[in-house]
Amino acid sequence: MIISLKRDVRREDREHLLSWLETQGVSAQIVEGQYQTVIGLVGDTAHINMDLISGMDIVESVMRISEPYKKANRKFHPDDSVIRIREGVAFGGGEFEIIAGPCSVESDAQMETIAQAVKASGAGVLRGGAFKPRTSPYDFQGLHEEGMRILKEVRRRTGMPIITEIMNIIHLPLFEEVDIIQVGARNMQNFDLLKELGRIDKPILLKRGLANSLKELLMSAEYIMAGGNERVILCERGVRTFETATRNTLDLSAVAVLHDLTHLPVVVDPSHATGVARYVKPMALAAAAAGADGLMVEVHNDPPRALCDGPQSLTPEQFDDVARAVRKVRAALVPDAEG
Amino acid sequence: MIISLKRDVRREDREHLLSWLETQGVSAQIVEGQYQTVIGLVGDTAHINMDLISGMDIVESVMRISEPYKKANRKFHPDDSVIRIREGVAFGGGEFEIIAGPCSVESDAQMETIAQAVKASGAGVLRGGAFKPRTSPYDFQGLHEEGMRILKEVRRRTGMPIITEIMNIIHLPLFEEVDIIQVGARNMQNFDLLKELGRIDKPILLKRGLANSLKELLMSAEYIMAGGNERVILCERGVRTFETATRNTLDLSAVAVLHDLTHLPVVVDPSHATGVARYVKPMALAAAAAGADGLMVEVHNDPPRALCDGPQSLTPEQFDDVARAVRKVRAALVPDAEG
Amino acid sequence: MIISLKRDVRREDREHLLSWLETQGVSAQIVEGQYQTVIGLVGDTAHINMDLISGMDIVESVMRISEPYKKANRKFHPDDSVIRIREGVAFGGGEFEIIAGPCSVESDAQMETIAQAVKASGAGVLRGGAFKPRTSPYDFQGLHEEGMRILKEVRRRTGMPIITEIMNIIHLPLFEEVDIIQVGARNMQNFDLLKELGRIDKPILLKRGLANSLKELLMSAEYIMAGGNERVILCERGVRTFETATRNTLDLSAVAVLHDLTHLPVVVDPSHATGVARYVKPMALAAAAAGADGLMVEVHNDPPRALCDGPQSLTPEQFDDVARAVRKVRAALVPDAEG
Amino acid sequence: MIISLKRDVRREDREHLLSWLETQGVSAQIVEGQYQTVIGLVGDTAHINMDLISGMDIVESVMRISEPYKKANRKFHPDDSVIRIREGVAFGGGEFEIIAGPCSVESDAQMETIAQAVKASGAGVLRGGAFKPRTSPYDFQGLHEEGMRILKEVRRRTGMPIITEIMNIIHLPLFEEVDIIQVGARNMQNFDLLKELGRIDKPILLKRGLANSLKELLMSAEYIMAGGNERVILCERGVRTFETATRNTLDLSAVAVLHDLTHLPVVVDPSHATGVARYVKPMALAAAAAGADGLMVEVHNDPPRALCDGPQSLTPEQFDDVARAVRKVRAALVPDAEG
């Protein structure tokens, strides 16, 4: 941590700050300039209150050099984390999976049809929402308990692991047979929810918020990991910008940056990011080429009649085409990627 | 709602769409162009699934003309809502209040000191956080139950109404003596929380999310109002942009736009918006001049030692100066505004 | 400037860097930490190539502490600059003016009518565009030479100083009788244009680009000032965000931040920022209350028929109302502001 | 174009609008709703002044359905444009090229070394800046005439076509032997420059502005094309967002959206978009997988000593690795792409 003092600071005020810093367990080194004095803090500064210092009268600015996330930090955990879901299904460290399925669970028949189709095309995990965050209180909010029942049924019949979103911790008992719990973009900083999910023993897929930086995403992962649950999968799903041609702006450099900063696997959701079915394939291929550890793709047997997010859903045939092309890209880049 | 069809749509597909629209209780009128056909929907289209239509093969685009919010909509409720907190304290319809206090409740003495000071300077409501949303799990998270106890004590001793933030609906029993419940920016789209707050009988101050549009803010207010609780106060506290000179970018035109779209009162928080104490006064004055129905200002008796958000807190003396200047601006613009 | 080295840097590489830094005329001081070494540079670092250093193998990051703008910097020029246009018309240091007029110059009659009206209402400078930057090549681009002729005529007849936009330096001979030359938002980083304007002896009003930071705005002012022309007026006119309720998002905190960083006057344009006539008044009042040194307001005698930007133009009557209210706000805040 | 009228519009005002619309050469069709009347305009509405209509008293809103760009529009030109630079070097319609070279031209030796290296690795076009737009007036601005001389020399010696940026139309005579003229992001809406480039007979590479929408990019291309020069190559190079981990946020969905909207080729610049050398490879691969028609990559023989943008430059060895991997991705997706 680097503290720049204002010009013309009185010697006694500076001494006062230095002795306070010592009480915080860090050692301070001083760089005296012609116009300005800078203090470098050495030691574990993660617990130092940066706001407190920057609010002091004699301080011009404070900059943190080391990152405040620890458990998610690649510096302290150089190897990729591999999050295993079940035999043969894993994310990270070279393992790659496609999560596919409808936005919302609508019926037994719908889920069965889609599950069989995406499984045949190579999807490793089935998605489907039973609790849906919707901007309008008048929009369809999901089938809730009934949706959870359908998901579990299809899981049993097809043998596919399932992922579904949690919106409220009181629903946790319904998630017992769920293989991966999803935290949606709007809840990325619902810290009470994150803390509770840190106490359970299930992989969590954490979606990046619409206007959250990658460092904030890692801090939210840290909330879960600090509680003891280190099986976190990060998901890039587009950020909000001025551009309106796509629903959000997919930030694919997030894959490269996150692989730099953290050991956790990174999945990309081109369906929510673009909001347009015909842009899903190019963005899925781009994500695979960028090194993503997985994809999350919306598939519906009848997109025009889907109860939510129809316009961004692929048909099973379109999904099959995307999955094939993704495998080709991966095979070209990773010599021993699966066929 | 306006539906534009693609070129060269087959007559039967168009008829199929038209008959489906009739089943939805709206009437469709057709504008036939040289290259393109457009369908205008007449009637109550709030419950029509726009995504469903825009996903249909023959549809090029769909645009909504009327707004999907009803209870918050000024069109259906032309007069300003006045949210009364207690005798002499109200927001909206010409009534203006300043909410002041520290970011976090720290101790009985701190709250007592600040409350007496801001009361003397004319603040109508006392703020103070007991549950704090923090980006890092390692930062101070608030005093929780102990903080709530302190708040209530100070409320009794000073007679000031209090506002404090809720992060989890399970804490609701602790909020019984709270006068206004605050929903923070990060929870603006925590729809389960909003629904629960729609069932209680207390004013809610709803902060705009960092990257949420004003229409989304109104839809979130609608979640609360649809449940029966129509006492919602909106709060602009800055949005996230590329600019880093201030913590967020205060969008003061939100005051004018919201007054146009809704009858609900609008409060501005210049402390969180700018993140810098010396910018609070100019932005507080600007908000008052723009017609805001209130302000929310952070005040701390010892900002450099505040446990959170110190750099943006005013001292009681600075707050007194701001409150005086705000009254002058209001008096200049509203002939019969209070002194 | 602060340079953080990577871990485990070899002693000789570090020595190599230190000796190179000395050749650059700055002195380096070293802070040796447990894990990391930090170098503080003392002296004039404005000419040091930050990119060069941050690209070095052994360097983790580089941060600049002092600002790279000099002539615009308040640190080296503590008093407000007052830009005098003519006797009784000035911006900055307590002097405040309203610039008013139509988006485009359309005819002698139109300019005469509007000029007389806004002058009567207290406007100090007349605006009107003869060269118009338009997104579409098929939109009206201004009257060019004919527009310049009309502007000068009205200037002579009414005695009002005029401001108009330059888009191409080859048009400079046409600007001889212009009192203030405007650089539009899209040309804020047209550095060749800025350099040329640095060589002339006329006040320049420099508009902030749609997605430019305040520091970049100051660097663009520095381009003009470095050439010798120090009479620069800055103009905030809204930045681009995700919000669509207004054409741009007016960043009023820019007024406070710029007054902090620079001695140059700051003018606010609420017409372009909001794009909606009925939001101009509240934002003009807010700008005045925030301490702006002037306003720029679009006024048209027949807004619905204006050849560009009609929806954001005020009628002369509406402008008169705004100008009166602005004076009231200023009188309330600045005891000796004009009536 | 769709015009929504306000409620309770008088019959005569509506008739007045309708007869005016007829004089504009479009036919109007009316949809009469219970609360609202909507008018659909049929015919060529590109020249209709949307602002004029939306400013009328009786109009609530106006929406354009067809796009205002014509020459760049894929609807009127369904086949991909192929921009041929010389025998064997082309962009679009399946043709793909990598543009490579340093940010700035520094010396004969530097350009010769880099040109030979990137040519050997398969680059089709050599880049290098002689006129550099820099945020600070105190930064290196390019070698100007001397840089142009070096570029042309290397072009002759290596036989590679060259691309370089123009900042001011008065420099055009220096660009005679240049194969592609680049318009930088900051000049994307320098309309006077675009108009001049529309009159010459050379391919133009037009970079997207930092905060410009894809529709605005197409309107700027239209400025060039409207003048007669239809050989425009579009370039995505990142947009400005709140994220600071990369210099800009690369919007790769722009490739898919632009291929949808226009027949012009689309090139991606991962170097400027990310600003970090180690993120260039994943983003180059992603761009190729997304279907880009080319790449623009910064390569320098000695990145730490590059006079500008060193941190984002690849070494020739790194570039060779990127070019090989890009070919593999393209070969996997395009069966007959070059080896």
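Going by the order they are written in, the chains are A, B, C and D; count residues from 1 in each one.
Everything below uses one rule, namely that contacts are C-beta pairs under 8 Å (C-beta built on N, C-alpha and C of every residue); 3 or more make two chains touch, one makes a residue touch a chain.
It should be emphasised that the depicted structure is a prediction, and the values quoted were computed from it without experimental measurement.
Overlaying the C-alpha trace of subunit A on that of subunit C calls for a turn of 180°, given as a multiple of 5. Farthest chain from subunit B (centres taken as the mean of C-alpha atoms): D. Separating the centre of subunit B from that of subunit D, both taken as means of CA atoms, is a distance of 39 Å. In terms of their C-alpha centroids, the spacing between subunit A and subunit B amounts to 27 Å.
With centres set at the average Cα position, the gap from subunit B to subunit C is 31 Å. Multi-chain contact residues, meaning those touching two or more other chains, occur in subunit D at positions 211, 240-242, 244. Contacts from subunit B toward subunit D in the complex involve residues 2, 4, 29, 31-34, 36, 38, 40, 42-43, 60-61, 63, 65-66, 240-242, 244. Within the complex formed with subunit B, the residues of subunit A that make contact are 46-47, 49, 51-52, 54-57, 68-69, 133-141, 167-168, 186-187, 189-192, 195, 209-211, 216, 219, 222-223, 226, 240, 303-311, 313. Within the complex formed with subunit B, the subunit C residues making contact are 211, 213-215, 239, 241-246, 249-257, 260-261, 273-274, 278-279, 282-283, 285-291, 325, 328-329, 331-333.
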